[in-house]
């Protein structure tokens, strides 16, 4: 597979300290899976390879907890009730900050925070992808069976071509990983490994005219 | 749990012959699971109980295959490629007709056909629920880990309160059922059994003023 | 301006007999404006030029009236109440058929019918444009200040580049035309004349490699 | 007309200093219309009456300019290009702050910033309305023919019942006001005056059980 930086983006989902850093609120429950598949190392490798190949990077970030968020809701999804109780990704806290190494850089696009699991639902992600000419997305991040799976499903429904990097994601159990990577997402995306995508992206760079600058005209 | 017919609807997903009837294109692969949990009997029981309790019934139906549908698409989800090859739910065919007993009746709402798995994506389902005042949906139908899970995930993202009936759905394997009903959907919905929901709906009917007519003013 | 058929589509809005043909339910109220700007002749010219330049044609069609549509709605927009009373675009009727000369042909895409005015709201138009790689739309059709303006506004909001052909639309009064073409839509679209767009499209055809076939791979 | 606070919200659009305060970037062009219809006084009256009647208040706020926002967009709507050049509602500036008297208070909901004109497009406004049980919106704010009209059109398309307060909005010219309030929005909303809505809201308060507290359960 090759990826054209003119229409392909990397989509990084929820690289928060609460998920990915020692001391984060969910890290203890996530680290067994994350360490088994070298998730963080792989996420960094895909991020670096994507930047190297000239892909624009988009961030889909979960709602950061703020006092008063949910008090007046008439109902909510169970996962939202859990996030409310745990105050995960609290606004202004270290846990709600991006893990070192994953910080958005100049030219990256950070979509509106999402309230549930899909980076597309109730955000500007779809519009931002469109105005940047993106038709294909490569997805990495956490958690596999909640935000990653939801975002991939939405992307496919909305008409994007989707690739998921199977060892650049993690979740709370191998059972969750299996549900997403083996059972569900093969219906909606190509599933590749980090080494495969890094190789593809390196190849994408070796185009006949690799020096062609990316069109960045604003109007 | 009780359900108020003024704001609750039953949502029936893809009750096509190709899925649910002997001779349907997918029935052979689905029937082991469907027969093990008495899926069709349970779906009929929930449908009858919902109608009895005065709930409006909405149908989310998968795109029916028509020649020329996909030929010009630049890309598609793997599950769409499979549907294309198999010509499932072919327009005008028996397989693309609703299974006997599940036909929409007067006052039911049939949403636009969906192209992928979610009954909400690229359809009028959200708008139809809103103009009918619906804020809660009870979901039955097939297949569990594709159209049912996708529709439930979208419903939760869009702000609906969702209940899934665990033995009024089926899929191609117990592994798929497990991924959806045990691993993923508890994050997004209440999961109940047919007997529980039928009892709840019967109780919903026994309100102080059970004869109160439903408001049906058109303007 | 030039248009690349790989990412540009023509979008035709509501070319129904009820709007555009002698004897149609709304024609009598529309024809003064439509004849003054030669709307139908111009729409045909743009359609022909678009096909000649290899642009794919998409149709955004208003909901066709069917008995029982609105009876249970708790509320509706005034324009929907009017459509209900007038039974415009009645399903199966001549008025609800496409005017001769505007019939969709092979390879054209007909989006789900829209319930109000925007061809994007509650339909698959956005997804269909995306899977066909479309990022720019040229818009013609009726009525200017309802379905055309709504569809253009939505297209711009969703991230499309939009061109409106000012004399290939019509409405019930010059006041409505003015509100849309002079006051509102210059905020959201390029506004051109039929002769300008026909010339641009002819130029788009005269590319260095005009014979290059359009990519139509399905997977 | 009466409004039930359980399902009705006030929606305030873009009450920024740049629009509504002496010294704001757009105030000089807006003030002739705003002063002629006493827009600010009326907006405050509707806001106060809404709070008094127990309606929840939602804010739809335009994107605040930040450096780098648009540089990489492949295209944009003309109105976005103008906002980019003028740096309206600049993040952190006085012009991008809410005008005194219109600041969101406890329990109010501030939706994601919108990139173009509709408060619904690419934001969480629809979802926030739904989880709070809102089915009807009363709309005030600026500018009439851009953000107000766009938001009203989207609300109607998405299935909300909409009321617009005709003298609690303003724009750059009487021609723009006319296009929106006389020509277009009567198709999509009830149009009322400030004195009418204030009276209705006062009446809404005088219900048989005016002391009934609003349900604010979070789960």
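Residue numbering begins at 1 within each chain, and the chains themselves are lettered A, B, C and D in the order written.
Quick note on the criterion: contacts are C-beta pairs under 8 Å (C-beta built on N, C-alpha and C of every residue); 3 or more make two chains touch, one makes a residue touch a chain.
The structure presented is a predicted model; accordingly, all values stated were derived computationally and were not measured.
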{"item": "Each chain counted as touching chain B and chain C at once", "value": "A, D"}
{"item": "Interface sides of chain A and chain D: same vs different residues, half threshold", "value": "same"}
{"item": "Chain centre separation in whole Å, for chain D relative to chain B (CA means)", "value": "36"}
{"item": "Between chain A and chain D, centroid-to-centroid distance (C-alpha), Å", "value": "33"}
{"item": "Inter-chain centre distance, chain C versus chain D - centres from mean C-alpha coordinates, in Å", "value": "29"}
{"item": "Chain A: positions in contact with at least two other chains", "value": "74-75, 115, 121-122, 126-127, 131, 133, 135, 157-158"}
{"item": "Residue numbers on chain B that touch chain C, as the complex places them", "value": "56, 68, 70-76, 81, 84, 106-107, 112-113, 115, 121-124, 126-127, 131-133, 215-219"}
{"item": "Complex contact set, residues of chain C against chain D", "value": "74-75, 77-79, 115-118, 121-122, 135-136, 145-146, 149-150, 153-154, 156-158, 161-162, 175-176, 178-180, 183-184, 186-190"}
{"item": "Residue numbers on chain B that touch chain D, as the complex places them", "value": "126-131, 133, 135, 157-160"}
